[in-house]
Amino acid sequence: MSEIPLPQIAKRVAPWWLLRHETMLALILFVALIILGALNNRFLTLDNLLNQGRLTTEVGLIALPMTFIIITGGIDLSVGSIVGLCAILLGYSWKTFGFPLPLAIAFTLVVGATAGFFNGVGITRLRVPPLIMTIATLALYRGLAEGISQARSVRGYPEWFYFIGQSDLFGVPAQLWLLLIAIVVAGIALDRTTFGRTLYAIGNNETAARFSGLPVDRAKLIIYTLSGLMAGLSAVVLVSRVTTTRSDMGIGYELDVIATVVLGGTSIFGGVGTIWGTVVGLAMIQLLKNGLALTGVKGDATIVVIGTVLILSTLVASLLQRRRGV
Amino acid sequence: MTATTLIHAEASPRRLLKALASQEALLAIAVIGLAIIVGLYNPRFLAMRNLSDVLLGNAYIAVAAVGMSMVIISGNIDISVGSLIGVLATVSGTLAVEGAPIIVTWLAPLVVGILVMAFQGAIIAYLRIPAIVVTLGMLSILKGGLIGVTGGKWITDLPDSFHLANIELFDAVPMPVFLMIVATIFAAWWMRYSAPGRTIYAVGGNAEAARLCGISPPRATVMVFALHGFFAGVAALLYATQLRVIQSTVPPNLELTIITASVVGGVSILGGVGTVIGSTLAAILIAEIASALVFTDVSPYWIRAVQGVLILITVIADILRRRRMARA
Amino acid sequence: MKLGLAIALMSATLLAGTAYAAEKRWDGADDLPVNPLACSAGEASAAPAAKPYDGGQPTNAPDKAGKPISLVDVPKLIGIGYFNATTKGMQDAAKALGNVAAKTDGPTEAKIDEQIKFIDNYITSGVDGILFAANDPVAIAPVLKKALSKGIHVVGYDANSTPNAREWFVNQAEFNGIAKAMIDSMANEAGEDKSFAIVTSTFTTPNQARWIAEMWAYAQKCHPKLKWLETVEAQEDNNLSFNQATTLINKYGDKLSGLFGMTSVATPASAEAVTKAKLCGKVAVVGLATPNAMKPYVNADCVKSVVLWNPVDLGYAATYVMRAVVDGKLKPGATSVEAGKLGKLNVVNGSEILLGAPFIFTKQNIKDFDF
Amino acid sequence: MANDQALRETAAPPRLSVYNIEKSFPGVNALTGVSFNVAKGEVHALLGENGAGKSTLIKIVSGVFPPDRGEVIVDGKPVNLARPDDARRAGIATIYQELLLFPELTVAENVFMGHAPRAGLGRLDWRAMREKTRHLLAALEIHDLHADRVVGSLSVGNRQRVEILRALSQDARILIMDEPTAALTEYDVTRLFDIVRKLKARGVAVIYISHRLDEIFAIADRVTVLRDGAHIATKRVADTAAAELVQLMVGRKIESLFPKITLPIGGPVLEVKDLERRPLTKRISLTVRAGEIVGLAGLVGSGRSELAQTIFGVTPAEGGEIKIRGQAVYIRSPAQARTLGIAYVPEDRGTQGLVRPMTVRENFSLAALGKVAFGGFIDRAAERKLASDGVKCFAVKTSSLEQIAGKLSGGNQQKIVLGKWLANKPKLLILDEPTRGIDVGAKAEIHRLMGELAAQGLAILMISSELPEVLGMSDRVLVMREGRIVAEFLREDATQETVGAAMMGSHESAEKVA
């Protein structure tokens, strides 16, 4: 299911050098897998890989809309705080408002979308630069989470709710299905639809996009709202996985997500990038962390490696780009 | 047309002054206004002691924000500064415990800071990798490296002479406050009166034009980052010498606090605009807000939310003001 | 423009909201019952009826009795003095036992989801036992249960998880014990009818929350005249703790005669704040802390008593407990366990092993400790 | 031979001479052996159509890029101009069309950026900087410009003066002006000429690029004509006439270049009444009919593009009404304009027209995504067909549909922008400087296309600064000045003189405004 769209996503959207960058990244990943697998026989087991999928779903879900946003040359630093806010509101609306859980989940998603929409409004209507707008809401949303929760964590959800986060469906972690579906949808949306094309156009030349009659502001509003929505979804998955809500959930997600997207070859200046690349970036980071840990490398050393990989891969990408002279 | 051009000319110098003053003025008013309001609610807030403590405890953020403002004005950004300050503090502290001469322990963070940041600047300028990517990578490298090396062992038993931050000049001005003021004034002066200082604005404002004026944007970038490293070093020194324990870990979210100070200070994320006076005032304001919320018995649970709202308001106010300026 | 208005309104409502929320709360923000100890050590404490074993059990764990085992220790976060000390204890124990290889690894920030990933990785990499100090008792449960289900032994220390997610928990000192020690020292250092404030890490950190809750209950019971002013958050950040403590001092002036530091970070910072304010002797600082960080203040008579168990012993004990579990010497229902140089440790409320009464560092003994 | 002639006329060795400069870019031979010289205190005009190579030539002289062959000589000494800085040191200063200023900084700073006066300890001497700036201002008798103004807040004319001041501040002996009047109001043009005359008096050699004959006769001593990158002739302005220069410049009878055949004209497609959008669209009324090409003449800055963008919904109108085929509409956004069947090929191809980093295919479908998409999904086959049809019918020279559009030559880029809109089957086509900066070949093709489109019943509103083009292509010519339509001519009575006069705002045109 997941395999089908990826080659297609890779095929046409990107100029070939970018495609090359992603393929190259995939190759590096492949080599890394082989080496790590050789070093530790527990690494390349289906079990472990699927489990890593489970652990990385939350970041992955947010990385997809973040890819959209960065492709348009924007950024969203508030996602981590939105996760926190949504997690809290899930628990709060369920326990304190006494919503039935399904309703509470829906409510959570709405809140996430609203938070994102608020970012979008600031960015499109008031023309506040995305970085500034979302740095401010980063503080605001986290603050709301703390204020609403009054530092209380909500626990003891009904068993069925833990299905999303903890059990398997057809031998694959439940939330991984969510991620896979999201990837396929996002991939197709970016690669095949007028919406996706609009995003690339905005990132490459916003004025020309406007002059070509593309709905620039609407598109931006949509992607920031989407970003909030997915942060909300990711919060639901997270809560279901760890069975409790705390106001400090999702702290620091923004940097993980951005690192993932950028590693996946999406240019921070906008205009280029693919979902396929983001997926590879996601796998890269998670599997490097996991593989290194399994081969006995400690957490601190691991993040050093991640940082280095991030810089180097971007360097290679930009060198290719320059060779291409774009 | 003619007539309007002339009117334009008449009106403008005044508007120019407003333009330059505005965000700084707005912040200064906010700082004073907030102090008065809180003072009415709880007079203790206005006690000399408290006001100076607010500055004392947050001077290092203001100092770091000075460098950050330069970086942002030059059209870049740095999110590794928090980690770097953690590293530099540890470097300085370790030297002190190892019994290095105090002066060395004080200079070391400055030197190391300059080197690390200049290195980053070089990567950004010459390999042309976006600043946000390089510094994002460097953030985790520094963070991981620090813990890897120190194992997070706290640094204690620091010699008394090491505590630069505890020196009071003329038994009145605490060193951190003094350094904050000096750093700000020096930087402001330098950015206004030195040729290299102006190039920061030139490069941030219009790199192409700068190039045609014989300015080398890459060199400017490296210079800016080196300076940023210097101020990060000073900040680290204040951070390290304030207490008798150095945590030798990375202070959480420090980089965001610093960037926020710059942005609230009116530095345009698009480059070319802003002053360090603004960022210092903003740093003070943010610290003041934190203290004020305790003094006004705001529920601790809501403190961060209120901070968020206030930041959002200042930022948006600044944006709207610019827009009006631009339209006028 | 409309948005600007919206924000203004929003902030207004927020500020209004804060007004009602401003009432101070001491229940530590979790709703577990409190169990204050008796006021004077003399009379028997209201000991709860001995609970049956409520821990979990690993499913068909390989029998490694007497065989060498490899343990991994995943503390809340690596790189702080406290957990460095526990790690040291584990290494000592490993050396003493000879047939244990222990390794410490964990997140660089006290983030629960990070910690879960670490544990998960070690489950995959296949260790014989996992030692943990939970960032969140509930959130960590699923991954621990997974470990048990994979036949891995799980023992907690310092910060507990829900009981059925681990076999045993080595309790450094019961919450109510810490609470009693803290309140008692505050009462006799500051005075029975004085006021104090608290600097804690965050309101969501379970241990701190529990301690504050127990302190509140115990004070109500035994020192009703003590006045609680307020509690402030300071993360695990030195300078922030210092700023917060200073702010409290400036806010309450003479009204303030005591500061509690709830973490090994907050306590030295509070002491520093008091020292800087030249209020040594006027404002008593009582708190949990590691000796090295406190030596200057204790020696300067600015801090009289530092409450803490010995984290080295805690790590040591945890390792011994794990060994005992693997060797089958510590079975559900047992009432005590041998822990090397620490001697016999008692089992309390079901599946916890009590390290002992909290230890109080003073000017006399603090120099004997180095961690 | 042009050079010998020049040398005979100017006794002293020429301040600047260039010999046999050759420069070629992928696909285009920008310059083929161009030589000319400028004497001390001379204003030497470079004349030529867009794409004739003027800009390339001056970029070489100002060190932006090196020539493939040939040399540049200042005061008899060959100079190597590898970087802009070298040119600066050689005393050559250039004022580009797109002014290169620091909008956030003050006039004084902009003037002295890079070579500011210093006081002690390498400190910038602001007082000296202001003083010198005031002196320069005084010297050029500019009184409405203050040294402390932020450049961002200045009018275009004043910004240009800042650039001139900058040139003088580094006492340039050779000043190159690339289409300096392009963006100026009439008033600013006259002031610019005063300044240029003062510079002459100071012995500065001025190279003055323009394709406006009237300006050349007003200000230049000699004129060198370029065409298709070749040096055509160098003449004393005194001994030549407009007609001759046009001949040299265009190289053929104007008519032959513009194949607009008069056709039966249909009903009105666009009717605009009292359209208002401050500052540059004032009570505009006009009509464009099916099959008609209406030329909109006027100086740049007269409000033509602003009018177009108001009609197109980029800057929605503040007053007045627009009718599309009889239907009164209020156009808020380009998207809406598009659905109404309006197409706008903008003036600035690089930033408004083309998405340069995207492929030819993607650019072609950009404005017509609706046509090739079903339920939001792009039909790849349809899109490729759309693009390849476009490439065929517009004869776009590209290696493949996946070629990066930005890498094509100007002409091909323009064809893509045009094609992108026609893919949308519009009813009204607004062309803003459709042939600016593209080579003569492509230009002819675009004109041919316009003819055909009109023949197919499309209504075309064409903005152009090139009089010959306007005169050649239009059924009717409207002239705008300072935001108003000041004159209207039918094809037969539109001439260089009448239209030109109306643009410049001299008297006989004034009567024509009914």
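Just a few scattered comments:
Going in written order, the chains are labelled A, B, C and D, and every chain counts its residues from 1.
Note that a residue touches a chain if its C-beta (ideal position, glycine included) is under 8 Å from a C-beta of that chain, and two chains touch if they have at least 3 such contacts.
Because the structure is predicted, anything quoted here is derived from the model rather than measured.
When chain centres are set by their Cα atoms, the one at the greatest distance from subunit A is D.
Comparing chain pairs B-C and B-D by the number of C-beta pairs in contact, the larger count belongs to B-C. Note: centroid distance subunit B to subunit C, computed from Cα atoms, is 35 Å. Between the CA-based centres of subunit A and subunit D the separation comes to 45 Å, rounded to the whole angstrom.
Note: centroid distance subunit C to subunit D, computed from Cα atoms, is 74 Å.
Those residues of subunit A in touch with two or more other chains are numbered 122, 126, 146-147, 149-151, 298-300, 303. Residue positions of subunit B touching 2 or more other chains: 143-144, 147, 299, 301-303, 305-306, 309, 312, 316, 320. Multi-chain contact residues of subunit C (touching two or more other chains) are listed as 3-4, 14, 17-18, 21, 78-79, 108-109, 203. Pairwise, the chains that touch each other are A-B, A-C, A-D, B-C, B-D. Residue ranges of subunit D in contact with subunit A, taken from their complex: 312, 314, 333-339, 344, 346, 351-359, 362, 365-367, 369-370, 373, 376-378, 380, 402, 404, 406, 420.
Against subunit B, in their complex, subunit D makes its touches with residues 84-85, 88, 100-106, 109, 113-116, 118, 122-124, 126, 144-146, 148-150, 153-155, 157-158, 185, 187, 482. For subunit A in complex with subunit C, the touching residues are 40, 42-43, 45, 47-48, 51, 55, 58, 121-122, 125-126, 146-147, 149-153, 155, 162, 166, 238, 241-244, 246-249, 251-252, 289-290, 293-294, 296, 298-300, 303. Across the complex, subunit C meets subunit B through its residues 1, 3-4, 7-8, 10-11, 14-15, 17-18, 21-23, 78-81, 83-84, 108-109, 203, 230-233, 235-239, 242-244, 246-248, 250-253, 265, 268-269, 272, 276-277, 290, 292-293, 295-296.
For subunit B in complex with subunit C, the residues that touch the partner chain are 42, 44-45, 47, 49-50, 53, 56-58, 60, 143-144, 147, 150-154, 156-157, 166, 239, 242-252, 287, 290-291, 294-295, 297-303, 305-306, 309-310, 312-313, 316-317, 320.
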